[in-house]
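The structures considered in this document are given below.
Heads up, the next two complexes both have chain A, just with different partners, chain B and then chain C.
Up next, the complex of A and B:
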């Protein structure tokens, strides 16, 4: 068996087969089942280590050659693959509850496989090309055939396409910087081009205007998936740059620039979220604020970066899945998701509303919920470094909290005579219930993440040690 | 010497085609110019890559043009598509834009050649012209077909310069897939919304 074939080729081919041959009712089961199996294999069977099961010797070889370059997934990638395919399982099973078509599962599997290829490809720089190809598949996921594409989708495509040349060029220039580190002008140029590339990819302020647009124009479930999957792999790609090039880690100017960009996103995302009257756009701004936190972490001490990043990425995947699922259930009734259309829905869709609010609170860093332990650790690090930055990060979290309180107020705004009713289906109730339990477990017992996280630093040679 | 002359002729062709794409409003003329543009791109890419790898870009480019052309041909209701009227978009404005791109290219090309020797002046000039024209095009339009044309133009410029520094088969393949993908996504987005709703999916 071969790791790239198992975690890249198999999901891609399955995605294609589901798209053309499988009926809608079985696609969630097939996609979710395959993702769960791949997550379990990644968790249980170490890559590149021979296992003896009875008389059978089993070994997953780590690499494959493709057009003269290699795709490698090593032992250290195991926990990362388990996390990625584990969270993907939730998203794929959720399609059944959200009522999205089998397009989601098939395209989702293809996107996940391409993005897994982006962490496996050597030289790692080529990941920029795979991210671009994945972004194009995301466009197909966002726009169903019967819907006219909005401005958000077009901007998303433009920004993702602009990112790729910047990153490929900067990678070529960085090789030059490595050979002559004293050349300040080349270093500055390479840093600027790299920064621009990641600004487009991660939708750094002010390039994030497409996110709230997408949340308003497109399916919240598909957009939520995009907001989980793309920043997750982009951040891992960015960590690869930090790990590979020593001057990126050690440059105080770059660390300041990264922190400034991160703070700007956290604060603006939180404040804008508090001012919205559309619960879809609120999710968009909350994800912007969280991406800001991930960027902020990259400017911290190199030894803390990997642990803090994954401490935030795992709950983010769960919270976004729950939030997007609840939104898509509510959107069936209140199409525009504006405040005036969702008033009093707490009595008609109580489970969806509770799940939505808990996910929203989790992403604002509310105690006892999944997002809190990560934020506590980040606040602790930030407070030791700069009080000013900490205050702005708190302001962002406060904005998200205000947004959650406003949402709650609108959901319960109804006549006293209105009767309570449970209108969610049992699949929806089960998926929302599992998600909410997961949010509480990750909030109350964050140590459950330890088995996944203990080996993640070995993914990176320098920043993880 | 002959190669050098043909390379400069290619740069001239690039200037003419990118100006036509930016200025002309007829989609047939724009797509025709794009197809011609890919010939010039092929020649400049072939200065640093083997003929076969260069021809991949030409074939991929023409396939994209064919896909977009066939899709646009089947749509009849887009002739009077409303554009965003916020930005200036007159013909003279666009002519000035392409002149700015040409001037910036003329100024920047020798400096880049001095900084990165060996690329070749025509390669740098052709690449910069296309990147500039593509980015300006993206800045002045919200029409879907024109956005795709802008992205393809910008990518073609990038590919010319990147071919000079990276000759990997995998990268060439991925860039061809990216171009084809843009064409397919563009075609899909053009037809999306013109087909009737069949099921209540994706709410």
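Up next, the complex of A and C:
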């Protein structure tokens, strides 16, 4: 067996097969089942290590050559693959409950495989190309067949496409910086171009305006998936850069730029979320604020970067899945997700509303819920560095909290006396229930993530060691 | 482990009630299940005395490099008096429910049991992280319990306002943590940095549960008395425990005298409104304001254990009064024991309340205490507005007074042996003066018009003062929303990409200005 074939080629081919040959009702089962199996294999079977089962020797070889390029997934990638495919399992099983078409599962599998390829490809700069192809597939996911794409989709594609030349160009310049590290002007130029590339990829302020637009125009479940999957892989890609180039880690100017961008995203995301009257856009701004936190982490102590990043990324995947699923269920009833359309829905869809609120509270850093431990650690680390930055980051979280409270107020606002009643299907109830339990478990016992996280620092040679 | 057992007894009883409600909606023994859980929990808290002090440590958060504080509960001389008071209040609320107009398996009983369990966890929390988690669970429990039991837009709005006020209290506690980390110290009750203590007290103040002033239940709702009393008093107690933990050194700040003055104003206002409240339930928020402010003054004047005394008084004395829904003359007189508990006279529950240095604030504190006690006496002896036990079955006539007497009995027990520092003479001269002033007020009440009760709708108009503040906040919010909408429309409009790129160039040029 070969790791890239297993975690890249197999999901891609399965995605294509599902798209053309499988009925909609089985696609969630097939995609979710495959992802679950791949996650379990990544967790149980170490890559590049011979495993003796009875008389059979099993070894997953780490690399494969493809058109002269190498794709490598090493032992250290195992936990990362388990996390990615584990969270993807939730998303794929959730499609049944959210009522999204089989295009989601098939395209989702292809996107995941392309993005997995982006962390496996050598030379690693080719990841930018794979990210761009994934972005194009995401457009197919977002735009229903025979429909004109909205402005949000167009803008998303423009910004993702603009990112690619910047990243590739900076890669070419970085080679020059490595050979002559004393040349400060080249270093500054390379740093600026690299920063611009990642600003487009990670949707740094003010390049994030496509996110709330997408949340308003498109399926909340598909957009939620995009908001989980793309920043996750982009952050891993960025950590790769940080790990590879010592001057990036040690440059005080870059560190301050990273902090500035992160703070701006957290604060503006939180404040804008508090001022929205559309619960879908609120999700968009919450994800922006969280991406800001991920960027801020890159400016913290190098030894804590990896731990903190994954302490955010895993709960983020869960919270976004629960939030997006609840939004999809609500959107099937309410024409739009504006406040005036969703008033009093708590009594008709209590489970969806509770799940939505808990996911929203989790992303604002409410204690007991999955997002809290990571934020607590970040606030403490930041406070030790600069109280001024912490004030803004805290203000961003308060903004998200205000947004959650406003959402709650609208959902329970009802004039006439209505009876409480469960209108969610059993699949929806089960998925939402599991998600909510997960949010509480991760919030109360973040140490359950330790088996996944303990080996993650070995993914990077310099940061996290 | 005993801490867990006490809480689990309450939680499991609540869970059993839910299961019975689903499986056997007409089961007639559900009240017995609830009361049994309450009795066992009370007994188990009494058992703590055999092992105290002891701790319950939950598995540590990982990775260790990021999380240094464990989740820790501790039974000691601070948490035990609060825990026994909460367990007694929970049991008393269930016992007095026997005399209620509606006597069926109710989610309100589940709420009372759950609040009791979470309340015990809150008062045993040994560090701010643990307290934060328990406060959050208390808030969610309250939110869902209240939303399930209220009707109407205004009441739902009150639930949300109450939740948001508490959540901002949580945020203040978190900020205290951040301020402590910025000062380089670990956020622990014993070793918090100077200044963090003040944030902690402000957090406790926000979480007293007095805003909105009145619970979202209609005035004639039985929920207002049983579940409402548990909600109000347990929430307040879970915040007051912080006062007993705050070390006096962390309050050394130039802001301390200002805070004492503010607390004094609050207690005088609360005491005055409580004295003149039309009935005890309408006056309940003022009772809480008054007692908690007295506790804050105790803590700020260097006597944190005084806060324990006031906290227990809040639950036990207040609980006995607010749970009394039936007119029984002998029980009304027995409730006057509460006045003794509040008097600070030697060997009373609050005897050790004023061991700190009150300085120039002394006369005002005496006046505030007298107002509060006089108000209690007036409400305890109020002859009208309560039901009669005549129509109740024999067992209910026996069980109902037992609930009230239990709270009175615990007041005496705690006054004698509640904690290190109980059973003492205390500041007896101050207590005598406060008691004389109290008697003077009780004598003057029927004779002077200014001391007569105010009408209920006046209290509502007092609440409308908060409406002014909320209107001000709303107008600020709307202007912010207007600005944000302009920015969003600009960036998401037709020329959005150009504007975005312009901003980007601006940022890049700003950042590269400092380049070497």
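Convention: the second predicted complex is superposed on the first by the 462 of 465 C-alpha atoms of A that agree within 3 Å, B and C clash if a C-alpha of one lies under 4 Å from a C-alpha of the other, contacts with A are read in each partner's own complex, and residues count from 1 in each chain.
The criterion applied here is as follows: a contact is a pair of C-beta atoms (placed from the backbone, for glycine too) under 8 Å apart; a residue touches a chain by one contact, two chains touch by 3 or more.
Keep in mind that what you see is a predicted model, and the values were worked out from it rather than measured.
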Does chain B (first) or chain C (second) touch A:130, or do both, or does neither?
first
Query: For A:158, is the partner it touches chain B (first), chain C (second), both, or none of the two (neither)?
result: both
In this superposition, the partner of chain A with more touched residues, chain B or chain C, is C
> Taking the superposition as given, does A:148 touch the first partner, chain B, the second, chain C, both, or neither?
Replying inline: first
The intersection of the chain A residues contacting chain B with those contacting chain C is 151, 158
Chain A partner, complex, touching residues on chain C are 59-63, 65-67, 129, 132-133, 135-137, 140, 144, 147-148, 151-153, 156-157, 159-160, 163-164, 167, 170-171, 174-175, 177-179, 181-182, 184, 477, 480-481, 484-485, 488, 491-492, 496-497, 499-500, 503-504, 508, 511-512, 514-516
Interface with chain C, chain A side, in the complex: residues 151, 155, 158, 184, 188, 192, 195-196, 199, 205-207, 209, 212-213, 253, 256-257, 260, 271-272, 275, 303-304, 307-308, 311, 346, 354, 366-368, 373, 376-377, 379-381, 383-384, 387, 390, 394, 398, 401, 405, 408-409, 412-415, 417, 420, 444-447, 449-450, 453
Listed in rising order, the residues of chain B that touch chain A in the complex are 131, 138, 142, 144, 147, 151, 154-155, 158, 162, 165-166, 168-171, 173-175, 177-178, 181-182, 184-185, 188-189, 191-193, 195-203
Chain A contacts chain B in the complex at 24, 66-69, 99-101, 103-104, 126, 129-130, 132-133, 136, 139-140, 143-149, 151, 153-154, 157-158, 161-162, 164-165, 168-169, 172, 219, 222, 328, 331-332, 335
